[in-house]
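Here it is, the structure in full.
By written order: A, B, C, D and E. Residues from 1 in each chain.
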């Protein structure tokens, strides 16, 4: 079982990222995934986060107690949810948006210029997909094939190619930086 | 959310600082939205009309525009969905010295609150209604509204709206409003003038403010951002003061007629009620 | 009867509870939804608006909730399966007409995705504080059925069950979901149409001029006739006799004019055993039983786990149907256990009925929660531990002080602004 | 608060509805918004006919929804206000009862109950809205509900309802019924200066420091009037002390918890029950509203037969006198509960008796409320019961 | 029989529509015998919701002809009235206007003073005397009604003709009938017929008059007649058109006489 937190602000596709990962796990890998989201009524532009639990068995308790992975795409999201990350957890950040403090002992930090990559591809709203690629490469919690199928399944056909490119850019970014 | 910046005495204060709850800024409205413009116009009108700010009370319902009450530094009420006018009726009857302004959206005032709208107009209850019409329910994420033009897309009309929209000035007029005007978010100066005029008018006044909703209405219908909508208003609105209200229908991206349409005199509810009470008194003491 | 294939979008989906409910309604054969947008239930309406026209069903967005509920009762009498979708404030507006629907014995379903209350409250956050309202919210005496799902899959499954119950018992059926379930995304399996069993409405088949709209069969439920069937219906919200004609206060008490009101209650009460669905887990040798419903039952799982690690014998009773309340089951269980522990996202509602049915045989511990969030599992396990320790019979509801309450009201907590 | 010298005093023959209006005027109520509905119309009419004398404001709104919304608005201008309705109207008011609770607005809602559900029988008494009064609006809240059984009590309880609502800053329901509303009886009104009026809890500090929901030690915040220059903001959303919306778990607890506890902490002050011959009673009749008129009769009849019966009349139904019922349950054999519905408050009696006493329900939903025989026969039967049945008993005659 | 019902019965007959197709949701209770005689389906709904209820009947079964009777003159149900008009929902609304208006054309209407201390016109009148009533026709037009007419209950033939015409009209039609409604004024029955006659005598027929000009004022005669008629797609027609356009063959049109 893995508990994952995605955090950022409204409009970044934080919830969508979690849905895609959840979809990959449930529909394309036949496992279980529960996704919950939270946002205020001031949804647009405000703080936004989603929590995803992946498991091979049915998930009973549907919320995060301590997270294994935190994907932070805003400074506020990082600040709020960093304490929730367990010892030895993985922290993924958009390096242009989050300036992390020195990490606690065993937390591993990985950074990617997701928004920058997305802008280079011509649309900053696919930063979440870039991040998902990066997430897949590092955590290996979901297979690349599953994720690709889920990404393709979750966007309108005319944006399919662009999104898959973004996903692979993110995926490769980890490979390249290793 | 960014924190409140304290303004030092030697800094230039925000021009509307005395009218806004600066501790609640930033507001929730999206970039390109016209509600902020309407609030600005309202604030300048308050300034211009020289009304006693202590005696102005703002009532809002639920929705994006419904949040206005939370940002103006006046006695302000954020009430239930659709009932702003009913709530305001109580206030204005409870204390006739107050100037009550209902500031809410089209869904709130005309859909669920339609009954209160027509009845308050019929009674000619003393209040100013500023109805920001963005053609859609924005707070809940883009559902069809009774103002959504035919064949327009919204989340609950995924195949195009099948219901003709209300002509708000016409219905206000036929129900008995004494002052009816319509402006777009582009016509800030004229809107300000209208609000100023209406603030000093006893009775039920309605000002419709056509506003862009860049986040839902424009996005779902591919109309560009707030600026594109403003450009559309600029190119497509015609000022026709005194136009018969029945000619004020709005279609999808059709020209919009703006102006002041109705300005008439009728006794207000409070006046009629007072007169009636004194008649009874006379009758009883005869 | 089996579901119609055109209504069932068979497949495996990763969707949230609201969407699943919209799909479930269509699969159940719902032909008409009148609704009005309100967070957090809107997505269910949006889903139905999108999928309905392809299956020949209609969605209409009415001007308010009063109209939504009135229009679906009309549609119900036109002979179709029908539903409305709302949340707390909208639900409050529907109250008068829910009573009307109960009086007319119109089958219809209401999906209420509960949010933080009272009043406008916290629209995007959760709550379970409309439970008593579902039961008692309209004036006068009537009975309804209420189901509380705990997952998106159940939102689908129980939407179908709700329609089946409504058609069968001719009464309002409420799906009392909450924001957590409505906005939770999980795998939902929509099965093939031929595996979905649907109940059909009992229509009147006899001679038209002999039809008595409110003359019950043995099961206390009268067969129905549609508007336009030529039965010359006279249907009223007045207290009426079997013919449907209004009873005046003068003849209310005479035998021939016995009102149908008592039957509205009896038809649910006397069929309660058939209606009630519960999920029991580990209650055979339990000392403590956690009674929960909706999202709380999933949250309780963790608390129960923690308590069991400490060696406490805890069982779980999940109320899938909350109304009618399982009076007998609770009374029976009370005899053999120390206490019931009830986590609810409110300050005590269903707990009152547990207390009532326990008849003083077992203690009753309430774990309250104001809403906008769910219980902390430790609160649940701590309360269980306390209930296990407490050997005295305490003749009142024991209100557990949660961590949140202590934090805010005892530690001089400053609210973040 | 200043009262007008034109209030009615002395002894009068009034119906319950009329007495209610006189009570309201006596306690300083000068605003009524309503929508006509049987059997509460008389309250509106009477208020209007008295309006010109006491300079009161009256408005007939387009429906009950707006009636209560307008009332809440008017109260914030400094007026005391009332609305009168019956079952269907109360159902429509549900959403705004929630708003009244959330804005902590003192106001009085009179529900003259008739037979329900739905339209029911408009000119026949019922008590089917008791649970609704407690639970009818969405979300969690506590309410105060009083139940008068005579025109005199309509007068007295209206005054008490206003005082409680000002004291606890909450809507108070006056749950009358058609019988009590229409029966004409002697009503004695004490001189004006003897009528106790609870003043509104006004804030008196500096204008810019006013926080609409800053609570005193007793959990109750202070009010100001619109137009006095405080420039305050209030909302039906979950809010903090400033009245600004904050939506999270902490604020929800911070906001809603006191709404509940500002009532629950003061139940002993709020609850008013009238006990008659309870000391030696084996059987206690628990009643409220019109049926409590026959409870006393049945008690006397039973005592003639040698059955020790006492009566407990609930003047306040909500909050429910849980403690007292639990206490009595340990002493008595049975509770007998006559109600003009199919069983509502009897559930509360069952709950609070903890299996220590039998609970008998006598439904007056389809009976005349002056029928003593059925109540008496229930008493006669339950006295024979040997053991405690752990469910509500209903004897069928 | 009540003159309105008589006209309604005549109208049904004239329209050639089978009575069993007609459903009447109403917030005015009809006598059961009358419903039997008419051979229609009748629903006594709660106050103000007759139109909303009727919308459900119509959309649930588009074959039905739905005729909501409203007696509260749009007080509590005003919102449903204006919105159904806007949608052009296929309903014929018969609006029984039972207001008590003291003066018409300068003459005092025969309204007795109630012996009680109450002010008579307050006797459960939908409007207080100090409030202006709606011009229902104007309001109906401003929200899109396709057919509007007004008669007094004594204009039985004209009313029956209007009803027959409107029953066959597609879309939202409104016929306002001036009549002291029986349910609201029980107890002052005597004045009903006088009042009705008074209205009849003080009215003037002006077919085609602009809705704006038919406000009932105390200093003018009451204008009655058929005021407006226009053609416009009904809700169901518009629904079928729009969804058919967008969804093509995937869409099954909603049935009924408009389908």
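Basically, a contact is a pair of C-beta atoms (placed from the backbone, for glycine too) under 8 Å apart; a residue touches a chain by one contact, two chains touch by 3 or more.
On a predicted model such as this, the values are computed, not experimentally measured, just so you know.
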Provide the labels of all chains in contact with subunit D and in contact with subunit E. B, C
Larger contact count among C-D and C-E belongs to C-D
Dist(centroid_CA(subunit B), centroid_CA(subunit D)) in Å evaluates to 38
Centre distance in Å when subunit A and subunit D are each reduced to the mean of their C-alpha atoms: 54
When the C-alpha atoms of subunit B and subunit E are each averaged to a single point, how far apart are the two points in Å? 31
Would you please write down the residue numbers of subunit A that are in contact with two or more other chains? 40-41
Any chance you could list the residues of subunit C touching two or more other chains? 39, 53, 63-64, 66, 89, 96, 100, 119-120, 123-125, 236-238, 246
Give me the residues of subunit E that touch two or more other chains. 44, 46, 48, 75-76, 78-79, 83, 119, 128, 131, 239, 243, 247
Residue ranges of subunit C touching subunit D (in the complex, touch as defined): 66, 88-89, 91-93, 95-96, 99-100, 102-104, 114, 116-125, 127, 129-130, 132-133, 135-142, 236-239, 246-249, 252-253, 258-259, 261-262, 264-265, 327, 331, 346-347, 349, 352-353, 355-356, 358-361, 369-373, 395-396, 404-405, 407-409, 413, 415-417
If you look only at subunit D, which of its residues touch subunit E in the complex? 35-36, 41, 44-46, 48-49, 60, 62-64, 88, 118-119
Across the complex, what residues on subunit C touch subunit A? 12-14, 39, 123-125, 180, 183-187, 295, 298-299, 301-302, 305, 374, 377
Can you check the complex and tell me which residues of subunit C touch subunit B? 35-39, 42, 45-46, 49-50, 53, 59, 61, 63-65, 89, 119-120
Interface with subunit D, subunit B side, in the complex: residues 21, 24, 53-55, 57, 59, 69-70, 73-80, 83, 85-91, 93-95, 97-98, 115-116, 119, 269, 273, 277-278, 280-281, 284
